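Heads up, the next two complexes both have chain A, just with different partners, chain B and then chain C.
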Partner chain A sequence: MSTATSTPTGTGKQPGRQATHKHSQPSKRGRVQQRWLPWAFLAPTIVGMGIFTLLPIVASLALAFFRWDIISAPTFVGFDNFAEVVQDPTVRVSFLNTIVFVIVAVALQLGLALGLAIMVQEKLPSWLRVFFRSAFFFPLILSAASVSIFMRYLFNEQFGVVNWLLSLVGVPAVPWLTTPGGSAAVVILVYVWQNFGFSFLLFIGGLASIPVETYEAASIDGATGWRKHFYVTLPLLSPTTLVASVMAIINALQVFDQPYVLTRGGPGDSTRTAVMVIFESAFQRLEFGQASAIGVILTLIIMAITAAQFRLSKRFVFYQ
Partner chain B sequence: MTLISERVETTAPVATRRKRDWSVAGRIAALLIAAVFVLGPVLWTLSTSLRPPSESFKLPPAFLPLNPDLASYQQVFKQLNIVGLVLNSALVTGLIAVGQMLTAALAGYAFAHLRFRGRGALFSIVLATMMVPAQVTIVPVFMLIRGVGLSDTLLALIIPAIPTAFGTFLMRQYFLGLPSELAEAAAIDGASPWRTFRSVYAPLAVPGLAIVGILAFNFHWNEFFRPLIMTISEQNFTLPLGLVSLQGNLGTGSISVVLAGVVLSMIPALVVFMFGQRALQDGLTAGTGK
Partner chain C sequence: MPGTNGALRQFTRRTALTALGAGIVGATAASWPRLTGTDIPGRGDNSLSIAIMGTAADAAARQKVIDAFAKVHPEIKVKVQAIQAVDWKDFFTKILTMVAAGTPPDVVYVATEGAQLFAEKLAHPLDEYLRRDADHMKEYFEDVHPSLVEAFMYKGSLFQLPIDWNAANMYYNTASLRQAGLERPADDWTHMDFRSTLAAMKKAKPQDFTPYYWTNRLFGGVVPWLYANETSFLKETKSTGGEWLWDGFYANDPSRSLRSGGYQWLEPNADDPRVFESFDYLRSLVKDGLGVRPEEGGGGALIGLFASNRIGTTPAGGYWVQGLHEAGMTENDFDVQFFPKWRTQRHQFGTAGYAIMKTAKDKDAAWEWVKFSSSKEAMQIVFPTPNTTPARRSMVNEKLYAGTGPRNWKVFYETLDKFPTTGPIPAPPQQAAVETALMKNVSLAVSGDERQLKQALESMQRDLELALRRQP
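For the complex of A and B:
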């Protein structure tokens, strides 16, 4: 143990060489320095995370059992916050909205990303491939707030470009942002528009790692076109699909910026999301205990879904 | 990079060549349509911001601004303290990026090349914090910030964002790629461990640091949720908040003014995109087993 702690630059892979490494015989002062040195390197990160992540996690969990409005002293209320939150119709609708949003948005995002990735990766001049890759990646670098601002104008009922385009093919003006279904659709479309590029990048990486020989073998066996993709690409891509879907679901569960800027959760509660009710109950109604309770529930849902995905994946993911 | 079907193609019978050409054309057409849907809204934003405010409602939309007009941009500067917002955003984003690069380099190096008790367990904890949604910790962080009297300051945005689990992970991966023999050589030459890090490993890790910095810049320049909660007075707003407030102030006002603000806010992100595209892509997909 003492050798391990006194050789800070020791090689993890070659413990046998530590003997030769020690030849410089560090002085007593040097050895003391070496013992605390790793902690000096780690201190800013560890202390920062302790204060701004770990402590808040514990505090959030504890706070869920208190009623507190910041002004008066917190009172312990047991599971009351959870009971109230679970019965609150707005909270219920928001969680339901979030679940529907996640299912539709993630399905669209992954489907679009996979289809486009396959098309880009097949025989294309390389400058075109670079162009498409940059184009699909581009929305990721914009702020969701900016995107939502200009999308609000594009989806405006009277003078929006979307309705103008639809009118060209004879579709009457759609009241996008003033009806529950319309605004839910806009939030999903805008979110997918901005985020499919991330899954696209992951699929491009996954496709590049499929050995060419596999396709050669498949084509010798007579597989062509879509059969090739169905029987070769999809199974070999399943590890990438797992990672892409886990990340897409976790991100989508936390959607806030787009519905907040596009619709403020309306009309009614139709586009209110789980994170939006956390924000509202904490910073608009000053019910910090309830906000924490909602946060705890959301975290549990995220953990459960992630765990379930990895369990399911044991059956469906095919590793080479 | 080897193209998947290029090699398959060479073994395909000549008779199917023509059919293949058509399918390539179809694929390019489909991809072009997708690209139009992706880039179209951005180009429309740019073009509308360059039209005179009185024409911003005009349909059919002109995708090419025939008479470019900067009136909307002048209006933005009048209605919004753009300079202040940009300075705030630049200060917040720049300090977070530098802070993340420094702390992640130190911690990443320790996890990769220094040996100490509990290294594996500690690294697992760091990784696990990545899975906790920011919204869950925001209430206690807000109270903490308020408790130490930093609420409604830019520091409230900067300090909590500096410790970075993802950056630490990325830098650890990067340092693991550098041989540990370098440290042995430095030790033989009599360099202290700190000197070894500063003069040998840190300079070699600059590309990794650039990824951490670019990712931090892109994420925090665009950040909306935390600034919305942490700042109250307009002089402390960052760009995304300012833009959303501009939209509110204008109400029935001209679209092109709001869109001019949007375009202005995109310029730094665009610059980072052009110079750091590769680094951004690598950073985003790092650690996903790609």
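For the complex of A and C:
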């Protein structure tokens, strides 16, 4: 059944084929085609990646060593941008905010997603499972900016629905968006609400892949309730947890929409994040070099955290 | 018949791939104008490209002006690009992006917030054109208050002609005022009178009601209070020059001696004791439940709340009138008064007009557009309703406010006449950084105790120093 066109390599290293199909060796033209055809198919992607991904990365890295305001010609300033960025208290606070945000938001996001996934998978009839899977995933398909604008109205101190509901049970108006603690809480809440659906779906997939026999064996060994989840579900979900946490952390480190629309980083710098500072430096202060320098630092942090996660995963992730 | 099948399969695959390839080539060719951006209005032809902040509907609304312009200048083709933006800062960012992309518009509608940024880096001065067409422009300047014009002076040159403007006056809800047993406030009411008014309103209507609502922004936020207290968060100075304009067009104006080559904001001033005093006053309003902690954003959302009598007073300009009318308020339901007096009754205002870009393909044509847009004919087409205050005094009349109110619409233009030192939004070329530095500290300054206020102002001073560290 083999034909010249279906021979995988044409190198003659498959003895059976070589023996029975001497003439199936591709011609010179065919060999050239086989060698270059894959590259021809890959070329559009490679060119696209080069122009739209690699080039901006390299340009951004180079820009970090220049002072440039879009309008005037760029001036080489060496490491000045990095020095200024490191000394800028707003940048330092924004990175600290981002780290705190990542810790709290990712913990809540993964905890909520895992808890709900276990509940939906185990306790609910199949038709309700479909409903909740869609319901929990739904916020993710909404625009973060639109959601945040809507939430601004909900959390308005004077006229918001949240405070109105609280007033029904005698709770005085909470200044959600105008105090540092309140605004940070709302930003985290809105972010987690909108993003936990993705982790939830990953966990649902992970739970479905755990063999029923494992639980049966655990039950025979006397494991019930929490112990079953602690000794069976969590270890067997660890590969899923690794993927979910890596993605959640990378996304959270780049949070922008929710704090920008809800609070514009305030009050003070209480909800200002690293990406917000990049945006403000570049597009509001026209300091593109500084913005690139902050971007480079943030990229290095993301890479370091992700590398650490994969290194640590060797200890905590169990594969069946 | 494997051979036949194989050949057929091969033929079919090839045909499919060929068709796919042809399809891709065809689609690419068809969308080439989009891919290369040549379908962007004004690009690739000689038409004058005008950028305004707004939606496609706003651009369509300008068509009548374009038609009127075409009658006068059939040789100049005009295209309006409406650029959607959250605020002016956002709009300027988008214009700068167009500049960086090599596709700048020829003319841009710029508000006070960006006037000095454009004057410093992007705009072409109008001086020569004004000197050349002085006879024609005399009528315009006679109808426009010099305070508005001075806001567009930069280092002795004029960069824009004011088309519309708004001062931060004080709107009040007449029903709430009556309920508190109060009459219309006096023209020279003070900041303490204002406080008493708020207290009376709150006492009369304690539930679900906010006596003073204000937003955290550069216009109508804390700045009017600073101006009324004869200070600002930036040190205000004026540059020399500009005599050619003032002597040429405003020689007999009673405020001629006040005019300059333009405003300058070179140093921070957040450590001024009067700045502390003004913030402390607002802090006391918040503390006593007379005013809200200011949130960020525009005032648009407030219209519904104000119209439903849930807000007693708020600072805003003439742009609010049409919105309140559309929200169902009649001319008896709301009114406007001057901003309360403190050490002075100097107001804050913002204005806007067209700037010709340095990169404009045909500056003479651009000037003709700017000149035409400042004519009464064009302004009457653009401002059929009171959704802003026209820069021409003669247009701020009974007819414009008939059926909408407010009864005391004269307050709008009299703000300039009665208080000729009334000043523009403090907006140096580094306006975006300055605005961020102000706004990020306002909420903290007015929300806590005195210690927190001091810390917020120290932080503001430091942020402003950073924002202004590189002078052009």
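Assume the second predicted complex is superposed on the first by the 277 of 320 C-alpha atoms of A that agree within 3 Å, B and C clash if a C-alpha of one lies under 4 Å from a C-alpha of the other, contacts with A are read in each partner's own complex, and residues count from 1 in each chain.
One rule holds in what follows: contacts are C-beta pairs under 8 Å (C-beta built on N, C-alpha and C of every residue); 3 or more make two chains touch, one makes a residue touch a chain.
Worth saying up front: this structure is predicted, and the values here are computed from it rather than measured.
After alignment on the shared chain A, the placement of chain B and chain C results in a clash. Once the two complexes are laid over each other on the shared chain, residue contacts for A:T90 go to chain C alone; chain B is not touched.
Using the contact criterion defined above for the overlaid structures, shared-chain residue A:F159 touches chain B and also reaches chain C. By the document's definition of touching, of the two partners only chain C reaches A:G266; chain B does not. Of the two partner chains placed by superposition, chain B and chain C are both touched by A:I70. Contact with chain C, but none with chain B, is seen for A:L177 once the two complexes are overlaid on the shared chain.
By the document's definition of touching, both partners, chain B and chain C, reach A:F283.
Of the two partner chains, chain B is the only one touched by A:F198; chain C is not. Contacts of A:P239 after superposition on the shared chain: chain B is touched, whereas chain C is not. Clashing C-alpha atoms between chain B and chain C appear in just one of the listed stretches 185-193, 203-211, 257-265 or 275-283, and that stretch is 185-193.
The residues of chain A shared by its contacts with chain B and with chain C are 1, 5, 70, 152-153, 159, 283.
Residues of chain C that touch chain A in their complex: 2, 6, 10, 89, 93, 96-97, 99-100, 121-122, 210, 213, 216, 292-297, 301, 305, 310, 430, 432-433, 436, 439-444, 447, 456, 459, 462-463, 466-467.
By the touch rule above, chain A contacts chain B in their complex via residues 1, 4-5, 7-14, 17, 21, 24, 30, 33-34, 37-39, 41-42, 44-49, 51-57, 59-60, 63, 70, 112, 116, 119-124, 128, 131-132, 134-146, 149-154, 159, 161, 164, 193, 197-198, 201-202, 205-210, 212, 215-216, 219, 225, 239-240, 243-244, 247, 250, 253-254, 256-257, 260-261, 275, 278-279, 282-283, 288, 291-292, 295-296, 298-299, 302-303, 306.
Listed in rising order, the residues of chain A touching chain C in the complex are 1, 3, 5, 69-72, 88-90, 152-153, 156-159, 175, 177-180, 263-269, 272, 280, 283-286. Chain B makes touch with chain A in their complex at residues 1-9, 11-12, 20, 23-24, 27-28, 30-31, 34-35, 37-39, 41-42, 44-45, 48, 57, 59-61, 102-104, 106-107, 109-111, 113-117, 119, 122, 125-126, 129, 131-144, 146, 159-160, 162-165, 168, 180-181, 183-184, 186-188, 190, 192-194, 196-197, 218, 221-225, 228-229, 239-241, 243-244, 247, 255, 258-259, 262, 265-266, 269-270, 272-273, 277, 280-281, 284-285, 288-290.
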